[in-house]
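In the two complexes below, chain A is the common chain; its partner is chain B in one and chain C in the other.
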Partner chain A sequence: MLRLRNVDVLYGKVPALIRVSLHVRPGEIVALVGGNGAGKTTTLLAASGLVRPKDGEITFEGRDVSRLSPDRIVAAGLSHVPEGRLVWKPLPVEDNLRLGAFLRSGDAAGVARDLDEVYGLFPILAERRRQPAGTLSGGEQQMLAIGRALMARPRMLLLDEPSMGLAPAVTREIFSLIVRLRRERGLTVLLVEQNARMALRIADRGYVLETGRVILQGPADELLENRDVQRAYLGRDADAGDSPSH
Partner chain B sequence: MYFDPEYERMDRATLEGVQLERLQSTLNRVARNVPLYRRRFEDLGIDPDDFRSLDDVRRLPFTSKTDLRENYPYGLFAVPLREVVRLQASSGTTGKPTVVGYTRNDVRRWAGLTARLLVAGGVTRDDVVQVALNYGLFTGGLGFHYGCETLGASVIPASSGGSKRQVMVMQDYRTTALVCTPSYALHLADVMDEMGLNPTALSLRFGLFGAEPWTDAMRREIEERLHLSATDNYGISEVMGPGVAGECLEKNGLHVNEDHFLVEIVDPASGDPVAPGEVGELVLTTLTKEAFPVIRYRTGDLTRLLDGPCACGRTFCRIGRLIGRTDDMITVRGINVFPSQVEAILLDVEGAEPHYQIILERDASHLDVATVLVEAEEEAIVSGSISTQQEMIRKIERRLSSELSVSFKVRLVEPRSIPRSEGKAQRVVDRRGL
Partner chain C sequence: MTFSDYLQFLLSGLTVGSTYGLTALGFTIIFNTTGIVNFAQGEFVMLGGMLGVFFLSGLGLPLPLALLLAVLATLLIGALMERLTIRPVQDAPVINLVIVTIGVSILVRGIVQIVLGKDTHALPPFTGSAPVSIAGAAVQPQSLWVLCITCGLLLLLRHFFSRTLWGKAMLACAFDRKAAFLAGIGVRRMVLLSFMISAAVGATGGVILAPLTMTSYDVGIMLGLKGFAAAVLGGLGNPFGAALGGLILGVLESFAAGLLSSAYKDAFTFVILLLLLFCKPSGLFGRRGFERV
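Let's turn to the complex of A and B:
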């Protein structure tokens, strides 16, 4: 569905992505894990047209999107939920949601139907539809950001750090929602997470980025088993506690 | 039927994307973790970031059996030993064995790949599979064993040897699928004959045979005598073990598990890629192995790429039957011959059995003399009229010399007089003292 092949991105002279190749098949949840500055967010920005790769191919559903403007990419069915949620805090919840449908100005009936659907998914947003978004809790703002992305009727979501700043219980709720969106709407998801363990638990496959390069990739359960991943990203000291005979 | 339909039927463009991603991360890992490969990148002045297409792999040198020997036992492991959960060794067809390690993920992935081959060969979870390959350092037995369990079939770890017991188990446990070497399958058929057992009374349906070169005629014989559908499979311990490639029920070449192994066929002498369809040496690069990745490993096995899609729906490329090893190759008066070529001719001659042995000697004038001992199909031929014998010998000699450009002397020997192997058959006895 989404394919990056040998993508290089530079920030000034500093390489942010080096020859990144990855793919996401329809209906998959794929996790992109790695430390700070590994290139996770840059990968999403490149896919959604917000940064331009210096080299490489990016295709969405077989179509080259590497030179498309961000709004054309959204119109093609690929929506980005940015890190830090970036909801419009003074605006009411419902107006924030409508912002997500800005490309569908001629489709008022469709937008109203989708709004109902988003409220069905997130009843809490329906309750607070008149409140300024800034009064929502962190978890509610994350739901709003996802709901806003859904208003563009995407077939695929790029999710950047949905767990950032959220309490563990709220994070679990957001993650189970991601799984539900895939199950109920067939939504394809590329998920960037610092919380590698959680992301890999809901993902089918994963890629591990380090200093702008993909250094490991594979089925999510294999990555969870991989000791390099455990040591570096899952906070487990693989050298301690096992093999008491040593 | 497919074990892993998503990958086994993946369109080529997606598959090549998967291969490239996996190749790139494999190269990143070996450059970082394996001194031999790190040195090679340094010597060539390149780094893994430079690899942007599958063909770029050709910029790296081959990995040879010698490289493996020089790094014996653990020098080429890409993970610390504590992450290795299994150690096996190459079967040592030639020279000192190689130690290969597997992480937990490797073992699981390996099982999935042999499960694919079992399913391709007709086996389902309802089958009772007798694995009559050696269990031990050799990868064959345990490799298929885990595949059977992953598939959910009932596996009998019979291991190799004890032929009468094998037959008894086959009969009593109602074995439906047999996994062994093709020569051992024929040996079991002989043992059944000796025991007066009619194979139609058995429950066998499918057989997966490999670990040594064989022929289509041998397949027909195994199928007729054991009443099963026989498929060929290929594996090599240095690369993983069984699970690298195997036939589907179309029986028209072995599908390579290309999402895990990158295939090249090269000229054994020059190392250049051969033209599509030409016979050459199989070179494999592992794309997913964690503990013991190999880059451009020269397998020493000879085969060719087959063209065109397969009716089974698998999109993985196919290789032809393995026709021999580069190091099995014998040179008779300067001409290269593979034992499998001799075998193919014998199978085509009426009255001759595919059991044979090639004896190489030097005569008084220091010239090579090659003799093929061939088992006659029936006692009657050996004890029968000299003219019948002579005619058959001449027929075989003529065909060998016209097709292989080498003069062989042929001697007919009694049925079952050539020792049967319980592992790989010894086809060549070289007494030239080379």
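Let's turn to the complex of A and C:
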């Protein structure tokens, strides 16, 4: 569904991605794990058109998107929930959601239906629909950011660090929602996480990024068992416990 | 000094203040979508007045049509400015873009000076010049036009930014540009739109004030600076603070001219601006009002 082939991204003269290749098949949840500055966020930004690859190929559903503007990529069905949520804090919750459907402004009935659906997924957002988004808690803002992305009716979601700064219980809630979105809507997900263990638990496959390169890939359960991955990203007690690390 | 004198100062202050307010509003709209302080904003006001004169006496068009065309032409110039000078360098730091706008303002002033000349012109008032008496103060009918049109524009813009999807999308670009891109909002189109709206608002200010204060190729400098002072006074970024800042500035200036000396009226504006920047840099109606829009 989404495929990156030998993608190079430079920030000025500093390489951020070096010949990164990865693919996500329809209906899959794929985790992208790695340390700080490994290039996880850059990979997502390249897919959604916010940074331009210097070289390489990015296709979404077979179509080259590496030169499309970000709004065209959203229109094609690929939505990105950014790191740090980036909700529009002064605007009410409902305006945040409606602006997520900006490209569908001709389809008022469909937008109203989807708004109800998002409120169904996140009843807390319905309660707070008139409140400025800045007054929500971190977990609620994450729900709002996901809801906003869903309002564009994407077929695939790029999720950047949804667990960042959230309490473990809230993180679990968000992760179970991701699984549910895949199950109920067939949504394809590329998930970037520092919390590698939790991400790999819900994922089908995973990629490990280090200093801009893909150094490992494979089925998620194999990566969870992999000694190098355990040592570098899951903590030394990896095989012992159930508790989410980090 | 009698009550009617004070009323006179107040009314003429509100009239001039309306133009400052409309200029400040133009500053705010562009600042809100792009983070750029557009120093060519005063030139939009000048273009409104000068193009109005050109269409009226140069081409002999009827007054309402000439004024409408002047506003539309300025709107087009605003769009051209964005396409030709801002978009090609849009990834540059904001300070570079601000300097580009200063360059544009000098260019526009130069072109108008060459093409339309250095003379000072006035537009005829919309509905006669026989003063109306309000509680002993003599008011030009044009002043009432200025006040009404300013209020009308303000309400229109308020509706646009708080009720329409496009208006909210423009605000979203200001609040978080990256999120706007990722939500599928065409940020570049919004920037273009903000230049067009600002230009039209500025030109409207120029058109309605030209019958009262005269216009020439170089009125944009002072109007731009005062509009900027008004925008800062109102808390840069807050559209209604900007308009209110303009009115306050106009009234203060008018009282300063009336009670002290009209020689100091321009200095007065900038003393206020400096004091404000020293004491309350976020403006009188800073961030809070901004978030409520």
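In the analysis below, the second predicted complex is superposed on the first by the 236 of 246 C-alpha atoms of A that agree within 3 Å, B and C clash if a C-alpha of one lies under 4 Å from a C-alpha of the other, contacts with A are read in each partner's own complex, and residues count from 1 in each chain.
Note that in this section a residue touches a chain if its C-beta (ideal position, glycine included) is under 8 Å from a C-beta of that chain, and two chains touch if they have at least 3 such contacts.
Only a predicted model underlies this, so the values are computations on that prediction, with no experimental measurement involved.
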Field: Clash or fit, chain B versus chain C on superposed chain A
entry: fit
Message: With both complexes superposed on chain A, which partner does A:Q217 reach: first (chain B), second (chain C), both or neither?
response: first
Touch count on chain A, higher of chain B and chain C: C
Message: Applying the document's definition of touch, where does A:D95 land relative to chain B and chain C: first, second, both, or neither?
response: second
Message: Under the stated touch criterion, which partner chain does A:E225 make contact with: chain B (first), chain C (second), both, or neither?
response: first
Task: Between the centres of chain B and chain C, viewed from chain A's Cα centre, what angle do you get? Round it to the nearest 10 degrees, please.
output: 150
Task: Go through the superposed model and pick first if A:G27 touches only chain B, second if only chain C, both, or neither.
output: neither
Query: Taking the superposition as given, does A:G138 touch the first partner, chain B, the second, chain C, both, or neither?
result: neither
- prompt: In Å, how small is the closest CA gap from chain B to chain C once the two complexes are overlaid?
  reply: 27
Query: Where on chain A do the contacts with chain B and the contacts with chain C coincide?
result: none
- prompt: In their shared complex, at which residues does chain A touch chain B?
  reply: 3, 5-6, 18-19, 21-23, 25, 213-218, 222, 225-227, 243
Statement: Residue set of chain B touching chain A in the complex reads 14, 17-18, 20-22, 24-25, 28-29, 49, 51-52, 79, 82-83, 103-105, 108-109, 288, 290
Residue ranges of chain C in contact with chain A within the complex: 165, 168-169, 171-172, 175-176, 178-188, 290-293
- request: Can you check the complex and tell me which residues of chain A touch chain C?
  value: 48-50, 69-71, 74-75, 79-82, 86-91, 95, 98-100, 102-103, 105, 132, 134, 148-149, 152
